[in-house]
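As written, the chains take the letters A, B and C, and residue 1 is the first residue of each chain.
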Amino acid sequence: MIEAKNINFYYDEFQALKNISMKMEPNSVTAFIGPSGCGKSTFLRLFNRMNDLIDNTRMEGECIVDNQNIYDKKMNVDTLRKQVGMVFQKPNPFPKTIFENVAYGLRVNDLGNKQFIQERVEESLISAALWDEVKDKLNKSAFELSGGQQQRLCIARALAVSPSVILMDEPASALDPISTLKIEELIHDLKKDYTIVIVTHNMQQAARVSDKTGFFMLGELVEYSDTKKMFLNPEKEETQNYITGRFG
Amino acid sequence: MNRKISQQIAFTLFRIFGLLVVVILFSILGFIVVNGIQVINWEFLTTAPKDGMTTGGIFPAIVGTFYLIVGSLLIAFPLGVMSAVYTNEYAGRGWIVKIIRMMTNNLAGIPSIVFGLFGMALFVNKLGFGDSILAGSLTLSVLVLPLIIRTTEEALKAVPDSFRTGSLALGATKLQTIRKVVLPTALPNIITGLILSVGRISGETAPILFTVAAYFLPHLPTSLYDQVMALPYHLYALATSGTDIEASRPMAYGTALVLIGIVLIMNLIASFIRRRLERKWKRN
Amino acid sequence: MKHNEQEMEFLKEELYQMWKMVISQLEKVKQSFLKNDVNLAAEVIAVEKSVNAFELKMDKSCEGYIALYTPVAIDLRLILSIMKISVTLERIGDYANGIARHVKHGECSHFNDTVVEMLDVEPMFDALLSMMTDSYVAFNSESSANTQKILAKDKEVNEIYRQSIKKLTEYAKQNQEDTHCVMMILLLIRNMERIGDHCKNIVEEIVFYLDAKVLKHKGKTD
C-alpha cells in the first residue's frame, strides 16, 4: 500500500504540491489526471524519489510505501527504486541488446546467477506481453523494436527486479493508438500482481485503465474517488468541467 | 529577379570557397606524395638514417613517434575522460565546474612551445626524468588533455538524460549508471576525440623539442628514460640542420609522407571502430 | 479478449439472465392462468422484485460502461440496445406480474375456465413466449435472420386480441352478472397484447444493434 500524508513540495519558492494526502490500494490501478503543470507528475515521482535528482527542491510530509517512510534518513534510495519501478513517457531502452535491457536491473542489483537472470528475463518479457515478439531476437539491439515494443520492453525491464509498485508517467503518450491499447491491456493484466500508479493526460485512458482516479489542479488534489464515480458523477464542479472539456 | 541573382551569386561564392578548401588540402597532399613517394621503400621504413641522414631510413623516428602516441594517450585518455565525467556527471553546476571549464579552455589556448618549455622545467629538470619518452609523453599528454576533456564532455552531453533516469529508476547507483550506460553510449564520440588527439600528438614538434626528441639516434629505446627520434622533429632537422640539406630533401618529403600516413591509418582504424560501435546501437 | 470486451460480455451476460428470468415469469404466468394455480402466481409476484432490481443493476452497469469506455459504433449501439431492452424486459415483467396478481386475487376464478375455453389464451401465451425466446436467441447469436418471423408473431397476437374483444363483448351482452370479470379479463388480454408490442420493440433494438437500421415508426401496419 502507498500512502501520502500532508505532502507539500517546492521547486525553489514555487509550491508545486499543496497539502496532499491520499492512499493507494495494493493490486489496483490509480490514475492521476489534471491539466499540465498541475503537479501530478511531481507527485508520482515522489514515490521513487526521482525528484531527488532535481536541484533546489524541498518536500514536507510523509510518503509511506509498504509500511516504510521512504523519506526516512535510513532509507536506501537504490533499494527503494528497485521496489518501486518506473516507466517513463518516452520509451527509453538502453543502447544494449533486448536481453541485456531486461537483465540490467538484475545485474546492477547483483540479483541471482546466470541461470536465474535468464529465467527472470523470460518471465518479465512474458509478463510484459512481449516475449512472443522478441524471443528470436534477444541479442538484437533494443532500438530495432517499434515504439510500442520499446515501451513494453521498458515495462519488462521494470518488472525484472520484482517491484511491488510500478509508477507510469504518461506511458502511452508517445505511442500510436494500437500500441496504446496494448499498453492499457498490459496494465490490466499487471494489476493482479502489482500496485500501479499512472499519470496520464488522456482522460479516457484514466477511465479505461484505473480503479481510482485523482484529479489534480494547481498543485491541489481536487477530487479522489472511484473512477466510475468520477466519470459518471464527480463531486466537484472543477472535476466536472475538466473531464467534460469545459475547463478554462 | 534581383533577389534571385544575388542569391545565386552568394551560393556560387560559398561553393567556390568550399571547393577551395578541398583544393588546398589536395595540393598539400599531392605535393608531399609526389615528392615523397620516390624514397619510400622497405629500407626507408625499416632502417636507421645513414651518411649524415642523407640515405638510410627513418625507422627509429617511426618507432619513437609511435611510443609517444601510445605513452601520452595512456596518460591523457583516462585522466581526460575521468575529468570530463566528473565535470559533466557529478559536479552539478557549481563554481568548481565553472573554474575547471575555464582552465581547460585556457589550457587549450596556450601555444605548444610553452608546453615544451613547461615540460622541460617540470618533467625533465625538476622531476629529473631527463630527456626521455616519459617526459615527452607527459608533456604531450598535458597538451592534448583539454582536447580530450572537451570532446569527452560533448560526448557525454549527447547521451540522453532518459538513459540516466532509466538506469537510476532501476535501482542502479550513479557509478553503475555511468559505467554501464553513459560511458558505453558515449564511446563512439569519445573515440572521435581520441582520433583528434592522435593527430595532434603525432604532429607536434615544439613540445618534444626540449623533452624527448633526439637529433640522431640510430638505435631503438630500451626504457622509458631513453630519448627517441620522432617524425616531426626529424622532419624539422632534415629540412633545416642536416649535414647536407639539399641531399636530404627527398628524405624529408618521405618522412612527411610517412607522418601523414601514420595519422591517416590511425584515423581510419579509429573511425572504423567508431562506426562499428555506432551501427551496433543505431537508433531508428 | 480485451478488457472492455470482457466488460461488455459481462453486461450481455447480465442481460441474458434478466431475459431468462422474464421468460420464466411469463411461462409460470401462463401455467398459473391456464390451471388457475394460485401458488404459482404467488411465486411470480415474489420474483417480480428481482426483475425490478435487475433493471436497476443493468442501468448502473451500462452507465458505468459508457462513462469509462465511451463506446462508439457497434459498441454504442449494443450498449444502447442493452439499456432499452432491459427497460422493456422490466415492463414485460410488470405485465406478467399483473396477470399473476389477477390469478392470485381469485375474484374471477370461476370465470377462468370459460375464458380459457372461449378465447385463444394458450396460443396467445405461446406466441408471446416464442417471441421472447426467439428474440433472445437472435440477440445471443447476433443474427437478425429470424426477426421478420418474430414480427409476424406480433400480428398473430394482435389478431387474437381483436377477436377476444369481439368474443368478450358478445359474452358480456349475454352474461351481464359477469361484466366485472369480463372487464378484468379484457385488461389482462390487453396486457398480453402490450407484451407483444414490447417484444416487437426488443426485436427493433436487436436490428438496430446488428444492422443499424431504425425500424421504429416505419411501415407500421396497425
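Throughout what follows, a contact is a pair of C-beta atoms (placed from the backbone, for glycine too) under 8 Å apart; a residue touches a chain by one contact, two chains touch by 3 or more.
Just so you know, these numbers come straight off a predicted model, no measurement behind them.
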Graph separation of subunit B and subunit C (steps between touching chains): 2
Pair of chains whose C-beta contact count is the highest in the structure: A-B
Central chain (by mean CA position): A
Whole-Å separation of chain centres (CA-atom averages), subunit B against subunit C: 93
Where subunit A and subunit B are represented by their mean Cα positions, the distance between them in whole Å: 47
Footprint of subunit A on subunit C - complex, ascending: 2-4, 63-64, 67-70
Subunit C-touching residues of subunit A, taken from the complex the two chains share: 181, 184-185, 188, 204, 207-209, 227-228, 231-232
Contact footprint of subunit B on subunit A as seen in their complex: 48, 50, 53, 55, 78-82, 85-86, 88, 90, 92-96, 104-105, 107-109, 141, 143-144, 154, 157-158, 161
Residue numbers on subunit B that touch subunit A, as the complex places them: 92-93, 160, 162-163, 165-173, 176, 180-181, 184-185, 280-284
